[in-house]
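Listed next: structures, encoded as structure tokens.
Look for chain A in each of the two complexes below; its partner is chain B in the first and chain C in the second.
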Partner chain A sequence: MAFAAPKETYSGKVYSVTVGTGDKAVTFGGENVLSFHSFEGSTPNRPLIAFEIQDIPPADWPENVQKPYAAVSGDPVTWAKYCQDELNARAVALRLVGTHPDRENRSPEDAVKTVKDVLAAINIPLIILGSNHSEKDTSVLIAVAEAAKDKNCIIGKAQESNYKTIAAAAMANNHKLVAMSELDINLSKQLNILITQMGFDKERLITDPMCSALGYGLEYTYSVMERIRLAALTQNDVTMQQPMMGDVGMYVWKVKETQAAEADLPHWGSTEERGILWEAETATALLIAGAELLIMRHPRAVAAVEKVIDELV
Partner chain B sequence: MLIIGEKLSIIAKRVREAMMNKDKGPIQEIATRQWKEGSGMIDANIGPAEDGGEDLMQWMVTTIQEVVPLPICLDTTNAKALEAGLKVHNNEWGRPLINSTSNDPERFPILELAAKYNSQVIGLTVGKGGLPADAEERCAIAAEIMARAMEYGVPLEDIYLDPLVLQIATSQDHATKVIDAIKMFQEMNDPAMKTVVGLSNISNGCPKHIRPILNKYYFLMLMNAGLTSAIADSHEMAEALNERQLFNDVLAGKEIGDPEKMKVIKKTIEVIMGDNLYAHSYLEM
Partner chain C sequence: MALSGVEIFKLLPKTNCKKCGHPTCLAFAMKLAQRQASLDSCPDVSEEAKKVLGEASAPPIRAITIGSGDKAVKMGEETVLFRHDKKFVHPAAFAVEVKDTASADEIAALCSNVVGSEIDRVGQKLRIDAICITNASGDAGKFEAAAKTVAEKAAGVPVILNTTDAAAAEAAGKIFTGNKPVIYGANASNAEAMAAAAKNCKAILGVAANGLDELSELTEKVKGFGVEDIVMDSGARNSKEIIEHNTLIRRAAIKKGFKPFGYPVISFAQREDAMQEALVASVAVAKYAAIIVLSSMERWKNLALFTLRQNIYTDPQVPMQVEQKVYALGDVKPESPLFITTNFSLTYFIVSGEIENSKVPSRLAVMDCEGLSVLTAWAAGKFTASKIAQFITDSGIEKEIASKELIIPGYVAILSGSIEEKLPGWKITVGPREANALPAFLRSR
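Let's look at the complex of A and B:
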């Protein structure tokens, strides 16, 4: 008798989310199966990788990931255009890290100007991320959400401590919203419930269960993502059917393995190759766990992950 | 069903202050209230009680038994305090219960005390390492505790196996594992092993208004699984016992007269059974 591969059918489906406007708008999510299980059901959209840029020069990034952007990263507009035009980015994620009170403490007005300039320079979708300072993000994200009104951006991240104002701003200006909780599936669900109870459309939400780098708790992120996706598909849990985001670059390019010099650790091999691999590996693991949106830094790591996606879709 | 009143715990501020000041009033008031609400035993949790534990436990046992004709569940990790309490315990009101021994070698001497004072003892199915992964691991630990109890001369009829209830807010999958463990524990001896749970831990970390709901319905599910006793809020448990028929009707898929209550019971069963992912607002969805 011929072998018939067993197939799962699921009762639930991930919402599809469209970001950006015009013919460069991108849709991700929408599948009714586990990642890349196209043989079991429908996987209408490719996962989206956004190139991370920031409002201030990336002096805090390791040298090997600064290098590809050395000529452009002094200015977020040039940087964004470079990602779009030279690296064929499908989306850009602008992190307003310079607004953090412990960094340049840039004002919401400064952030508005940066966002407007970047939006004017590119036609691919823009993801706008705060500095992860709960209080400051409130004022900054309200201002930039308004400045980007109707550009159908993704705004983030709304957390338990500040979701009300940020969600209201995203709602008023027709954006999508990232809801982040700290590696706790039950709190992730609770935050989605609280945000939708404000009247925010559940199909405009993206869940960030909090990322971690390979070797630094990746298995926790993986497990939470996997369980969220199983709740969405097998239990048809409407509060858990949002696409998921992995904020990969920020976590990966902080760990020792992406920075330690080859001279100090010759058996670890080339620092540059190692860093790129670390980012690509982390990102790929999260794709398998269920992430549909990845924020990444190194162009070669992005290219490697895009290739994996090509082979799996 | 034996309800062991949980309220005399050092964790509660009012109780802690009364313990520190040796103020009998609040202790006796709370003990009396729990007795009237249906507790058949009173838990006296004095914590690790490293300093003055012996005096404190003796004071607690005599203070409670002065006003309430019930046995005491002596709840501390301090073996000396346990022994001091057992010495003064009035067995006229029933035999005491020690809370607890486990599979941690440091807790083995507690079995000696149980044998020496003819006390019953709780066997918490945890080892020295981490938490038990599932019902099977709880049973494996239970078997070790039972074997050791026999070595020490404690009859198995005097052991209450405790599967360790974990918080639904962080360890939802353990809710059904504990129910399974309660069923399996009973099979481990004939007559069936007695069982006990620290019930309220199920709702630890949950919003205040849903704690009694989770406590009550989880209790009824455990009761259906054959649970012998629970360290719990006796007021909540009295309510639970009143609602038992209603609860079992919903569990059996029947319609009940109160649609709001039916919704609450159904949703709570769903999160306990793991059919719906727990969130603090689960009742509102």
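Let's look at the complex of A and C:
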């Protein structure tokens, strides 16, 4: 029996999104097949990994992922430049975690200054993320979106409770926008519809269906991503054709497996290698499921995933 | 491939005799197509129809078991391409490679690592499942010696005998007769001899092709030599090929009923760098490999790979559950706080993770609610005041704690009064609604 390769052609396609300006602008998405299925369609762009930095020193990060940034993380500008110049980052994701009311409760004006300083120091694309405090993010993200006007950043995250103001700010200042919902394909679709009904261009949106770490619900994120992507491709559903984001580092570096000391759990092996692999493996699984944009922390985890992407593209 | 009702109808006697219990042959055919009836109920069916229908009802990917006894690993029988459609059936087996150029001591050390690789995670025992002995020396004697060492030092662990030398395969395979080894290395030039070796050792035959066209010819060829149990290597070695080949194989087998690809796949993920090897193996776990060959088994790498395999092979319809009991998080003392939640594994992981992050030693009572999350369990009547009271009483936890205070999830604040009624002497405190507020909650106490 001769083998005829059962290749699939799909009616739908993922939008391609460009972020940043000038020669360092990066485009991701754009494929008309499942992830890395270049044998049956077009996969024009490589997924993008952004290095996560934050506006305050990462005292809450586990030691093994603080260490690589020990000399630079006291100041977000130095930190961003280090990622760009020393780690060859293709993008940086600045999380304004210091604005959270339970943290330093920094003001929108403080956040604006940080964003302006970081933008002045780097020429690679910048992703600007709030502290995930729905109310505070509204005021902070409006202010920073304006401060970064025309820099073609990604602003996030817009959620059901606060999307109106954040989407309006992203739209007025020519940014891309992350829309996040909680692990449910229907909620994700609904939020995309609500945002586009405001007049926000559907091709400027990025979907975050909510990340989970390896061993802590990764299978939920994995399957929601697969289902969203299949809806985009097989049903040509324009409300689900946005590229997807995995906010990997934040979720991974709080689980036990990335922190527990080898002395306490010898059968788990080296804490440092374990943490790095936990991040890299979570990221790899999400790439396979459909993510095109990953936010990651450990330089070695990023390097390992970039290397596996080299194999995949 | 499954036949439609009409296709089955064409094969039936079309007498409408009703002996099968159905009013017409067409009605019976429809039930057969839905697998709600058995062909045995038709007394007049032809041998021809039995054969065709029998083949059509065989699983699209053959069930194969490597090894025997409690360490045996089942594979095959997969029915879908995406885990959200239906559970992936048999978790991929991890095999670690040992070369016969290694010394007997090195091989023995590897065996003891394999035997000691078992880890318990969410009630499942996870381990390196098999050993792949590679005939790197090209010498049959060395291969057999290595196989003997493995048989002795890792007794009962399933093996893959990796050689293209049929005589060497047979000599080593004899050591494992009765333990269903895989003899891997059949190619276009040695297929007949390898097939004979596999049959003589009652082994599974692993075919090694260079691309999918050659693979389909090869499985047909060895089947022609009478081998039924086959595992397939398409020749894919990098991540891109693993996705492409394994996807096309799975689609062809399941959606097209392409019999030459109706066998489990073996993927080789070995890399110099352990981190890179883990990521290539992760691609293979996600994309349909039944056996994944690794070159090393660092404990941190094992843990991550076992966990990914567990995640991917979890039944999407059945929530993962953790054992009902009172968990001690950190170095608990009698005065440490006591929380209660349900036994949905994600709920447990998130709540226990946040408590651990707070660095406040606490007890977490996890109650069996059939794997439902807090609100769902409450709505379903499984997380009620009387059930919570019963569980706390039965747990005997009050003997271990200084003050009888129970912290309940904020989402079920409504239960606090009735739990207090049913647990006399206890103080019920309403905790936060979301787990991420637990550290602040604990700090403020």
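By our rule, the second predicted complex is superposed on the first by the 309 of 313 C-alpha atoms of A that agree within 3 Å, B and C clash if a C-alpha of one lies under 4 Å from a C-alpha of the other, contacts with A are read in each partner's own complex, and residues count from 1 in each chain.
The working rule: a contact is a pair of C-beta atoms (placed from the backbone, for glycine too) under 8 Å apart; a residue touches a chain by one contact, two chains touch by 3 or more.
In this text, all values refer to a predicted model and were calculated from it rather than measured experimentally.
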Following the superposition defined at the top, how do chain B and chain C come out on chain A, clash or fit? fit
Using the superposed model, measure off the angle between the directions from the CA centre of chain A to chain B and to chain C, in steps of 10°. 60
Give one of first, second, both or neither to describe whether A:T284 is in contact with chain B, with chain C, with both, or with none. second
Just chain B (first), just chain C (second), both, or neither: which does A:T239 touch? first
Can you tell me whether chain B or chain C touches more residues on chain A? C
In the overlaid three-chain picture, which partner chain does A:E273 touch, first (chain B) or second (chain C), both, or neither? second
Of the partners chain B and chain C, which touch A:G217 in the superposed model: first, second, both, neither? second
In the superposed model, how near does chain B get to chain C, counting Cα atoms only, in Å? 7
Once the two structures are fitted together, what part of chain A is touched by chain B and by chain C alike? 227
In the complex with chain A, residue positions of chain C that touch it: 82-84, 119, 121, 212-213, 215-216, 220, 238-240, 243-244, 247-248, 251-252, 255-256, 258-261, 274-276, 278-280, 282-283, 286-287, 298-305, 307-308, 310-312, 314, 316, 346, 349-350, 353, 356-357, 440
Touching residues (chain side chain A, partner chain B) in the complex: 184-187, 189-190, 193-194, 197, 227, 231, 235, 237, 239-240
Residues of chain B that touch chain A when the two form their complex: 169-170, 172, 275-281, 284-285
Note which residues of chain A are touching chain C in the complex, please. 1-3, 5-8, 36-39, 102, 212, 214-220, 222-223, 226-227, 230, 254-257, 266-271, 273-274, 276-278, 280-281, 284-285, 288-289, 300, 304-305, 307-308, 311-313
